[in-house]
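Please go over the structures that come below.
You will see chain A twice below: alongside chain B first, and alongside chain C after that.
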Partner chain A sequence: MTSTLQKLNCTQCGAGLDVLGGGRVLTHVCSYCGAELDAQDDYKVVAQFRDMPRPRTPFDLGMNGTLWGVDFTVIGTIAWQEYHAGRTWSWVDHQVYSPTHGYAWLSVEDGHVTFTRKTRDIPRPALVSARQIETSETRPSVRLGGERFLYYASGRAKPTFIEGEFNFRPSLDDTADYVTLLGETQMLDILASGSEVEYELTHLPDQTDLLTSFGVDAARMPKPGRRHPLDVRERPPIQLFLRNLAIGAAAVSIALAFLVSLRGETVAVSGKVPVSVEVELPFTVTSAEALTEITIWSNANNSWAWFEAELVDDAEAPVAAFERGVEYYSGSDWSEGSQKARTRLRLEEGNYTLSLAMSEADVDWTGGVEASQMEASVRTGVANPWWLVAAGVLFGAIGAGFLAQSKLSQSGRWAGSDWDDD
Partner chain B sequence: MFTCTPCGTTSVLRDEAWELAGTGGVMQDAPSLVRIGEQVEVEGLTLMPVGHARFGYGRGWWDEFWCLDGEGEGHWLSADEGDYALERPLAPGDWPSGFRPSLGATVTIRGETFRVTEAETAVCLAVRGEFPEELEIDEAHLYFDLAGPGGQIATFEKWEGGEAWTFGVWLDPWDLRAA
Partner chain C sequence: MLVRIVLVVLVVGIIGAAGVMALGGVWGESNNVISTRTGSPGGGYYVGSGGVK
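Here is the complex of A and B:
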């Protein structure tokens, strides 16, 4: 906690400076002349920073706001730049101070404001080395407080602007090596500076609440670029409910379709007969509500056979006539076609006779055997399950859409990562 | 030792008799997560702060709270600008031998290695409430904070009247809750 000193004059240029931080502030960098003053030794000048371009940030020294119920004051500003492979990244860190919760950071990058604070917990493993990042097949990971963090990015940054109070001694000559790992709701930074390693946790506060609380002028806030990796878009419960409902409905529809396909009663079977004879198969339909299924089987193997069928009623009047082919081909690890062909008809109640004869057959595949036998069977009371199958496919597509959206949302969080799977 | 709230004087228990020891000093109001008489929950303990001492280090100060848990055991809860630590007095039998107080020095406590990370000379500015030891206003205390594995902390304290070791853990202020 600081004593009652609230203002001082810069010992270099005489400008009036506000004292906003607590007793653990080590350095005060004059906003006017860039002199670095030793806050623990009568504000003696210990360094002089020059040619510092002021960064674009909506936060000024002395701004107050509340984060998760705790009051913080902006006491310092450091702008950082990182160069790599011809690209430049820049961001601004503001040191903030709370008499009860100590020192933390508000960072402005790519139009987002994050809150970062030091943690004394040490992750396992404690370090992610550059060599590990270079050679690892999968993203390196660490565990901290029961949460798993996956590698997100790493680099080396240098300050370009320093102003205000800090609980350490920043310098324009400093470099900071960082490794950032992403968890479910927070990021973990492993910071190496000299022989010291520090760990920081970053959260993404509600942006509107934060900016309102600190009284930030919206016009000064840079427009957000890509989505922030901590922007976990929690889907409303109704969406999760609908996803589960769709997947459940798809499963039920397919299961019902299977059960429905088993319905029906076999009422006539010709038995296997040579294909040279014509099959005459009488049968009776007792209900016009359901379908009648006629199945033609033949032992065509790596060959095909063509059958002509005619259906007549009690008065020998033609009711239906159709042709069906049976073709079946197979190899050591494949097969195609079927030795069965099915036809479904809607018939009125009454007696019928099915006439079936093979009209043509041929072998057109190596090792094929021409059809020599055939069989006809009739099943009545059959239901058509295709509408249930269609419903299952439709519901499945809806469920898959929700899952794809979730996957897309997850991959969006990692869009800014510098990890390359190759 | 206790401080009389109405008159601000301190008394010390010596030979089963209370002796007047001086004043409790001036305790400036400051925001705090810990206050005398208000229970806090931390590290699975419910603690009642009964004594509040403030130590100045020139530009600023930190607070030490003497707290009693549900078993009547005493703990020191220190609060220094967001850095909180909960420590218990280390029994003299556990005190490390051959400790030479200096920054960076290492020492073994209960089988773990601790390193001195901070050294501070602080002056007792004010006291309120009850304490297990005598604290004199304006008395200088030399503090050495030592960091151990897994967020452990040990503190060596030396003053004109003696020395003491405490041992405990760093706390996250966001985990400190009013009971």
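Here is the complex of A and C:
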């Protein structure tokens, strides 16, 4: 679509030019001869631009479309280039005009089109200096309108092509120092040109809607490169629900595992006896639905001791037998092993007697003390909490997967940043 | 909403099943315990875990 036009003839070359930009246009640069005309002074020639390579952009002067319900017309084009460390970045800014909403920019870079407007609000702090960027340990940040913006990139750009109408006086000799900071849904540019500092906010409109509205020929649109930092990919609510559910379930499972591990009742304790004595410890199992835990303690210190245990029932018939070692070593800042050894059995209801005797012991470490005392204890109704731990790990892995996906998505937004943590 | 209810039921079911297994001490027996096996010939010992008497 093309808006209703007024026309004038270039005062330098006589070419017919469309007047699209409203009453605050200061400059009109002829598309044919590159003459810069003063729109406030009878279109007198104030400068002459030559040898300007035309940039690749799908927008032409006079195209109009709707953004967030507001009609805008493309009135000017400035192509920019930035050189740094042997690399070149280039982008094209189109000044757009709305009779009701004034002036703004459509920018084409890396296959994305963004919408930028100046803001009169001043962020805190108002500036991010080059020195701050060089010396800061973390990304510099500013706050504006309750939103936090983190440093994304900075540089100095020069125009390489100027055409059409502008509400300022552009020049090929201009340079623009910019610092770009990234917020959640918008970018903040701090632009310094001479002694003037301006602030601009950039949004990423729905690309399909924008291109359709402006009637852009898709074949002229550069292919998008990397993901745009404002391309915030909203995750489906069900995914967030599942993430929260998984994290909650993991916490509940681990908490239950802890509670379950405390279950059990101590039904018999031998008390500490010399290792030369054989322990005879009777006990009763009242429920076969859980485990019975037999704990052997010994005061072996920087040494080891070996114990033989046998379990008989009421009729003195052997039920189980096992051997367990206790070994414990320690230094000034380390320890290894334990003075306790646990054995878990599944026993039916009934009366049992545990026989325990030390069969062997030795000191094999400097300053070791051979085991001289031992104790046996029996706990019934013991659970196996590892099932709940496993459930916690499973749910935790699912939650962590979603969190990692979110983190990956965030890091994708920052992939084009020139910030280096080093 | 139905999907969310199904997911909650599934999660509660998994935690519940894990809780039942934990309280029952399933697979919680120690290794290397020599125990008599119910009905084994001569009531002798065998090396294994669980199924005591």
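Observations on the structure shown:
The rule is short, and it goes like this: the second predicted complex is superposed on the first by the 416 of 422 C-alpha atoms of A that agree within 3 Å, B and C clash if a C-alpha of one lies under 4 Å from a C-alpha of the other, contacts with A are read in each partner's own complex, and residues count from 1 in each chain.
The rule is simple: a residue touches a chain if its C-beta (ideal position, glycine included) is under 8 Å from a C-beta of that chain, and two chains touch if they have at least 3 such contacts.
The structure presented is a predicted model; accordingly, all values stated were derived computationally and were not measured.
When the two structures are aligned on the shared chain, A:L61 is found in touch with neither chain B nor chain C. In the overlay built on the shared chain, the residue A:I254 is in contact with neither chain B nor chain C. When both complexes are overlaid on chain A, the residue A:L204 reaches neither chain B nor chain C. By the document's definition of touching, neither partner reaches A:A79: not chain B, not chain C. Once chain A of one complex is fitted onto chain A of the other, the partner contacts of A:D313 are limited to chain C, with no touch recorded for chain B. Residue contacts after overlaying the shared chain place A:G23 against chain B, while chain C stays out of touching range.
In the superposed model, A:M221 lies in contact with neither chain B nor chain C. Once the two complexes are overlaid on the shared chain, A:S98 sits against chain B while remaining clear of chain C. Judged by the touch definition given at the top, the superposed model places A:R120 against chain B, while chain C stays out of reach.
Taking chain A as the reference chain, the count of touched residues is higher for C when chain B and chain C are set side by side.
Residue overlap on chain A between its contacts with chain B in one complex and with chain C in the other: absent. If you check the complex, the residues on chain B that touch chain A are 28, 30-33, 56-63, 79-83, 149-151, 170, 172-174.
Chain C makes touch with chain A in their complex at residues 3-4, 7-8, 11, 14-15, 18-19, 21-30, 32-36, 43, 45, 50-53. The touching residues of chain A, when paired with chain C in their complex, are 238, 241-242, 245-246, 249, 252-253, 256-257, 260, 263, 289-291, 313, 317-323, 342-348, 382-388, 390-391, 394-395. Interface of chain A with chain B (complex): residues 1-5, 22-25, 39-40, 68, 71, 97-103, 119-122.
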